[in-house]
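Each of the two complexes below includes subunit A, the first together with subunit B, the second together with subunit C.
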Partner chain A sequence: MTRAEAKVSSWESDARTDLALLVKTVGYEFRKRIQFRTGFFVREVLNGMVQPLVMLFVFAAIYRSASASGDAADATLGSWQYSEIVRYVAGLLIVMKLVFNARGLDLSAEIFEGRITKYLTMPFRYFVLIQGRFVQFTIMQVVVATLVWCLAYALMGDRWLVPVSWLATGQALTLVLLGSYCCFLLTVILNTLAFWLDVVWSLLVMAWFVISFVGGAIMPVSQMPVWASSAFSWLFPYWMISAPIEILMGRLGTDAFLRGLAIVTVQLVLLDALRRFTWRRGLAHYVGAGM
Partner chain B sequence: MNAGGETDAYVLEAHGVGKSFTTFERQPGFLGVLKNFVARKSVVVDALSGIDLTVRRGETVGLIGANGAGKTTLVKILTGIVPATTGAARLFGRDSFHLRNQEKARLALVMGQKSQLWWDLPPIDSFKLLKEIYSIETVDFDRRVAEYTKMLDVEDRLKIQLRQLSLGQRMKMEIIGAFLHDPDVVFLDEPTIGLDLVSREVIRQFLVRLAEERGVTFMLTSHDLEDIEETCKRIVVLDGGRMAFDGDLAALSAQVMGKRAIEVHVDPHTPIDESALSRDIAAFGAVVAGRSVAAVTVVVDAARLPELVPALFQLLQVRDLSVERQPLELLVREIYRRSDREGSSIAGSRPEGASV
Partner chain C sequence: MGQQRPSSLPERLQWGLRVMRAYARIGWVRKSQFRWEFFNQVLMDSLFYVSSIATFTMLYALGDDSASGAVSLAGWSFADMKVFLGMTFVADALMMTFLGQQWHFGGDLKNGALDSFRVRPGPTAFLYFYQRFSPEGLTNLLIASGWLVYALSGVVGHQVSGWHVAWALPCAIGLIAFAQVFVSLFYCLVELWLMNSDLGQLSSQLFTTMGERPIDVYPSPMARFLLYVVPVAAVSWFPSSLVLGKLSGGFALAYPLVLVVFALIVVRIFRIGLRRYDSAMG
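After this line comes the complex of A and B, so read on.
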């Protein structure tokens, strides 16, 4: 066997181990999540329901006061009719379920308390275990989001957000999941700052707020002032939250999807490079405390 | 088998390895916090310096030293958990801090203070994860789990959550987990801490057997010298981050093998005249090896014991007397004393590269 062949075969066996391990981890994470039924219900199903309800209430008040007749349905704000806003919020409820959030990862604690030590001497990439959590989260949330959508559709029919086409659904889902992976990478990067800092949680909370705002979880990005909406459209959060909902509603089409795909892919690659960099630098800083 | 730059001779090497930790002094109180905020005072701790060590395949090395001597730090550097500040550490001929999966697959680490297994899982599930991580063949896996749990007497504990096991049972599971992938080099950092005598003995026998049957190289740290005596052929003594001794345990104990340490307790109110005592017992080839207020330790050839003991009763106001088989403790104390006095290491008392 030549050196190059040996390299390829070792890469292959590494990749196989990674994959087998990923599957195992996903199973393990599932078991951990489903163990407590009430916890599961609160965390996975109810989570993300409150904010949209509050938003509906606020939007109704704003549209009512902006409308000449006093009926919210008659008002239009920044190209958004009231009925559209209602469907946007409905879309938000579904999309936000799919977006990876920091709670799913306690990497910073693992670093801080030295719990990652044991993985450092094992022959696999630790990142695979973390990825396992992302995959588990995503599979579970796609199922939960589908169920919630079906239930809401059964109750509300066409007043609920109904995607314009299967193509739009596929495009939106692609963007949401890619964006969600970016979100995951960003969370990992902020968590690895635990090699240097002990304020990671506050950073995560701040980052999450910025992502929600920039992405359009507070209001549609296209309803914001032009300077803001054109600036935010260069960032992945917009393509993860606001844009997919507009695609589902038929307000954006395939050309927008392609632009989003390009932007998100580039940022995903950059974030992944940054993640590798911080991880490597962090390890050089690691002292393996508590051993 | 020998990948990359692994030299045939050494699986493990340290050349002038040093490690310093920078910590920031935290002053107490509110003012202290403010002061820290304005001007942090950093303190550099030299945990290790100038460690030279080479270990051949199949060697069993006992690493001893007082608390804070740097044992754990050395293990962390050799296993690549932390980088060395100075010098070079190598495992299987490769820089320890940049091990590839192929080297890691041949390495195992057991930490007495920290679990390598998954806390929420029963050991058998952790083992299955390890099987995946190390790509262990199913037949080997099944055989080893059966064999090792039997040897360590924990067959009936495999399905109980790790957190619910007793300390000793957990430690045994940790050790089994470490040996499942048939590693070439195993580091054990205080694997017997807090265990009862029976468990210790079982673990020692396990280690000895694996070293013999599979030629496993291991490095063991322990504060219990009996652990080291029974399992290791070579000892390395660290003192204040420096190497105080490195050599054959056999050669070392040959000096003391046939010797006995007699600890004599006397009435604290009648002081011992040490020089007189030394003179008197010299006739039996005995020496005073240590003393405290109310006790004195005398070392003598086992053969002369029957003559010396009655003599001691005449020479001293004996209240109590005990005989130790193997005064390795004394020897180690002597090593510390010498390294303190010389202020530098007496490593190199072992000929370079001499194998056991």
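After this line comes the complex of A and C, so read on.
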């Protein structure tokens, strides 16, 4: 092989390597983008839809067995007809998208790893940054929930949950967003326990269990026994999940909205006071390097 | 800091006591961390049990006001449902005890944390998935077993004989353990192709939630899907039905063979998927 031939061969080999690398990189970049978009779709659109849909099958079976004719539509259980349960579940799919969840915040990790130190030296309140996450989450989820509602309405028409009025929509949205802010504050409080504890995720999961159950994410609170529905109606999760859906359906009116507004506002103020207290005590405990 | 050194004896004593108190507090916090977390995790799963039991108690109570006077859930009475819930709790506790690492699979894959498991002398999946034994899960397994025994006491002598339960229960628990392993592995498969997409978590959440209800409540094609394609029915529905004597002999004998085939397919696909692993996939 002459020197010229060797040079050409080397150039061809380099070009083949570069081309192979380019093809692999393009494939890799495509994969990354597709994975990111799939992840976004899963997290923002599908998240929170499984439990209500599964419960719908359970309700259908229960209503069928309670009906003398064997048709779920004929039965009424705890003042709820089956068609109302279907619309309640439709409401759950929308409302649960708007409720702030613990995944939106990694404050405990920031505390464990001592990363909040840099924020404490800056001339602003750190809590404003965390509030920014809540606002971003809410804006994003309002858009997602609206799109899901429109899509479902286009497919299902009046069988889907259609608000009884614009006033009811405004009232329900107010309660859901205020309740979501209460959830956010509770999440912040539990995260700040990382100043004292090594692991807080189990507390967040427990809180979510309780919120789901007493809020009516599994079954309507007004369908529960009287003692349970009376007790739960004093807690913000009920006014964040079950009550707004009933307002949208026209089962609850403005008087209920005003009562809910008062209860949620009082609990929001209390949670914020508790959030300030735990943050202050936690910072006094903080040494800059986590636990 | 900034204070004068204690000079007098009482001041020194006081200073020493303060230091000792600080050490005691740090030691207390350090040593109680894991106990506190242990307690929290036991409480967390207990809350899951309580909320499940409360939900079905309330749903069945609705039947008291209904036209028929009592409701059943697609042929499952409240006593049957208690057994079903017991099996679900046992399956969940087994997963938490032995297979908790599955929740981290997507992240570990992305971060290339499987390297150390691939070079060890043993099956990668076995070494990886069983690495996180959980004593909290084991405690919950005891609680779940307690509920299952209580639930079974309500049906033994009425629906099924004690002898039936004596042979069916160990078979059912063994089947739960077997099915739980391969169903958990199945959820992780998708991450090998669509990493960082959360699809593994979503499929786990989707099918686990569906499996936590008797498959009889779903339309027939969906029930068959949960029996043969993603066999979450093997984790709770099949064992409960076996113990309650709801299955025909032929089906009870044949279905475990279906599970074996499922397990072989899952392991084969996992191995193929693992070849795609190149340490830095994120």
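Here is the rule we use: the second predicted complex is superposed on the first by the 254 of 291 C-alpha atoms of A that agree within 3 Å, B and C clash if a C-alpha of one lies under 4 Å from a C-alpha of the other, contacts with A are read in each partner's own complex, and residues count from 1 in each chain.
Methods note: a residue touches a chain if its C-beta (ideal position, glycine included) is under 8 Å from a C-beta of that chain, and two chains touch if they have at least 3 such contacts.
All values reported here derive from a predicted model rather than from experimental measurement.
*Asks:* Name the chain, either subunit B or subunit C, that contacts more residues of subunit A.
*Replies:* Of subunit B and subunit C, more residues of subunit A lie in contact with C.
*Asks:* Which partner chains sit in contact with A:14 here, subunit B, subunit C, both or neither? Use first/second/both/neither.
*Replies:* A:14 sits against subunit B, while subunit C stays out of touch.
*Asks:* Identify the partner contact of A:228: answer first if only subunit B is touched, second if only subunit C is, both if each is, neither if none is.
*Replies:* After superposing on A, A:228 lies in contact with subunit C but is clear of subunit B.
*Asks:* Does subunit B (first) or subunit C (second) touch A:66, or do both, or does neither?
*Replies:* Second partner only.
*Asks:* Quick one: is A:124 in contact with subunit B, with subunit C, with both, or with neither? Answer first, second, both or neither.
*Replies:* The answer is first: A:124 touches subunit B but not subunit C.
*Asks:* Can A:147 be said to touch subunit B (first), subunit C (second), both, or neither?
*Replies:* neither
*Asks:* Scan A:258 for contacts with subunit B and subunit C and give back first, second, both or neither.
*Replies:* neither
*Asks:* Which holds for A:266: it touches subunit B only (first), subunit C only (second), both, or neither?
*Replies:* neither
*Asks:* Which subunit A residues lie in the overlap of the subunit B contact set and the subunit C contact set?
*Replies:* In subunit A, positions 291 sit in both the subunit B and subunit C interfaces.
*Asks:* In the complex formed with subunit C, which residues of subunit A make contact?
*Replies:* So the residues of subunit A in touch with subunit C come to 34-36, 38-39, 42-43, 46-47, 50-51, 54, 57-58, 60-62, 64-68, 75-78, 196-199, 202-203, 205-206, 209-210, 212-213, 218-219, 223-225, 228, 291.
*Asks:* Would you mind writing out the residues of subunit B in touch with subunit A in their complex?
*Replies:* It is residues 21, 72, 76, 79-83, 101-102, 104-105, 107-109, 111, 113-116, 120-121, 128-129, 132-135, 189 of subunit B that touch subunit A.
*Asks:* What does subunit A use to touch subunit B in their complex?
*Replies:* Subunit A reaches subunit B through residues 10, 13-14, 16-17, 20-21, 24, 28, 32, 114, 117-118, 120-124, 284, 286-288, 290-291.
*Asks:* Can you list the residues on subunit C that touch subunit A in the complex?
*Replies:* Contact set of subunit C toward subunit A: 29, 33-34, 36-37, 40-41, 43-44, 47-48, 51, 54-55, 58-59, 61-63, 65-68, 71-74, 194-199, 201-202, 205-206, 209-210, 212-213, 216-218.
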